[in-house]
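Okay, so here's the structure we're looking at.
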């Protein structure tokens, strides 16, 4: 873990760290825009992870500091990243061929909502005309695993972990692991299994902030 | 024309020359195995022709003499060819993407039979199980033009220009120009229009050797 | 006689783009984006355009020429892209209010499906099946098919009249090389369009200068190229442009 | 811990190929053909194989290890290729009499459809439409569809268990470069197969030695590589082999 905190719950980097620690040696990993990109900051020892971005960059490394960037090289979030030895570039159709072909071991994405059935919603807000899909539907439908990182509740305090999504879904029944500021959860059909609670968070508090039944893992 | 002859009719190179002289400046041309490959020997002045082969070689030139070959470079007939400046290599799916995408201005192929309706047959002999399609069906269905080169008659003297094909066809209604040892012909639905007769060949002789009605062009 | 594909100015290269054209714009998060051609099209003024791209642009400052500006300039009838709104509620794309007021139409397409539809158009494949978007709002009322026990959505090829792309190196035959993340949609759009116009970063080299094994877009797909002049005439990436000031 | 993908011998690289496997063989008229892996498979002896390739080989002398030899060795149940017979009546493929006697099955596929079915398998596209073969014997009784007024044939993806391919250069990450006409089907088969085994002509270089912009098959698709030793142990092209004697 990159930092410790006295504060209750996990911060953004800790949420990313917790999921990154699930990555297995040799996995090909796609990181979504926002908190998921923080996973590439996590030190996971000598495990060899290949980061893939939608724009066809296979084998990228850390974000480079200002002045050291290569302006021809960005990850899916537009950040100027580095390349690791053994990197390769393909075009967008080949990149999504890799995705649809099932070669991505895990995609980590942000979301507005996750359901007990493993559905998630991250492309369209309530009442919005259109939205922003990007590569999320391709990744969600085709990656071997879908992990989600999101704040446990909205700013109004409403649970983002729900019995069913209220927003239009990105894909159905695909999410297997969810990191929030309160802990690590796995959709189980009827609710969520608590795999781990963040420091200072009790089961009761997590349940109180979750609109679906929690089960001790 | 690369040579003249006292003999009646055209030889193989002359058949190829006659069709090659139809190629227009800037055309992308695919040449089939056998007599059609002789088209690339034809001197057609300063017209810029790009030769494409099914294996993804775009912009090849003449066959190289023994000892000068590059063993990594072959045309569709397996001959060791040269590359012209501006050549590019793609893989087989992209090569047939070029074909199906309609980028080939003309494909020149050999055939067993051609019909008055522009059908032709070049992949399966009578009574044969299976056959040899290669890229012929893709090219025939998708090139802008299909030109055929074939001997006018079989060894038994039977016409290869027919009211209808007797062998399984490669594609229907696609052939616009046919060069044989007797001349240049265009399928016209009811028969063939005579565009040109080879030296020493009379209309009557051509008609006598053709199983479909000929019309003076 | 090899054709001359090298044009002297962006204005000349886009002069005859007609009203009603369908234009694909390369680029993803900066690299590969045809800023200079887009700027020339803003000045040229063609109207009722259909614009195909990953996004309409304009979510970040400083703005560079993008489809959002063509929309603001009244040149766009429809966009086909993977974002019609930003995913972060606090961002707003300049395009979005035009869309919400019904002044511009939009077709929202998952990014991989967009790439594959362009690739299909270039490869003579009129339609294909994909697992993407099955079970979502985007699949409602549309044709699906079960193949080997899984449900797939039918998608159609997306041909274009014109593609605007940006490349790193080129030769006079039109062969193109893209550098790193610049490749993205550019080679696909080049195959899908009837007229391909390229802005090129490096000097355009004589035919035969590029290794035939290392060409990303063969010259047979490319009709027009313009070398990007140094700033202030030529637009580079946002950051390069800033540096050039 | 990066995996070791470099194997010491062809025998080791093919040792666990099971009976009943579907194997794609790269190559077109020589370049890209995995002669050494095919030879090792002849010695390994796996049976009831389905072999996918442009052709079963063997039309010309001197013969090199090919699918026709696997057929003669009793290892093949079925072939899927663009030639089950030679087009010239005077040629005969070694495979053809086995097919005619019903000892081996065959699926004859137009070359472009074969390439596209492999590409589709690698790209997660389960099926697509193509104009090729419409109106021919190969389309009889099969599903077609009219799209924009033209008739197209439905074709399905062609996934493989194993691909045997030959490359020019490689690095330890499995990134491959093919030289000139060697590329042909090889990159497609690499995406379509679960296990990709490569015979490599040049020394296998450390990861990072190859320009990321000029890699034809990314290393994520490649599991096993063997450097081709000099003759007589290693087989090159027919002509190189002759010279090496």
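Some observations on this one:
As written, the chain order gives the labels A, B, C and D, with residue 1 at the start of each chain.
Heads up, the rule we're going with is that a contact is a pair of C-beta atoms (placed from the backbone, for glycine too) under 8 Å apart; a residue touches a chain by one contact, two chains touch by 3 or more.
Just so it is clear, the structure is predicted and the values come from calculations on it, not from any experiment.
Shared contact partners of subunit A and subunit C, listed by label: D.
The chain pair with the larger count of C-beta pairs in contact, out of B-C and B-D, is B-D.
Using the average of C-alpha coordinates as each chain's centre, A ends up farthest from subunit D. Mean C-alpha position of subunit A lies 56 Å from that of subunit B.
Subunit C and subunit D have CA centres that are 34 Å apart. For the pair subunit B and subunit D, the distance between mean C-alpha positions equals 28 Å. The multi-chain contact residues of subunit B, meaning those touching 2 or more other chains, are 83, 89-90, 93, 96, 99-100, 142. Touching two or more other chains at once are residues 116, 119, 123-125, 130-131, 179-180, 183, 212-213, 216 of subunit C. Applying the touch definition to all chain combinations yields A-C, A-D, B-C, B-D, C-D.
Contact residues of subunit C toward subunit A in the complex are 28-31, 54, 82-89, 96, 99-100, 106, 108-113, 115-116, 118-119, 130-138, 168, 179-188, 216, 236-237, 239-240. Interface of subunit C with subunit B (complex): residues 1-3, 119, 121-125, 171-175, 191, 206-208, 212-213, 215, 218-221.
Interface residues of subunit B facing subunit C in the complex, by the touch rule stated above, are 25-26, 28, 46-48, 50, 52, 58-59, 83-90, 93-94, 96-103, 142. Remark: subunit D residues 116, 120, 123-131, 145, 147-148, 150, 152, 156, 177-180, 183, 211-214 touch subunit C in the complex. For subunit A in complex with subunit C, the touching residues are 33-34, 53-57, 69-74, 76-78, 83, 89-93, 95-96, 99-100, 110, 122-125, 128-138, 141-142, 168-172.
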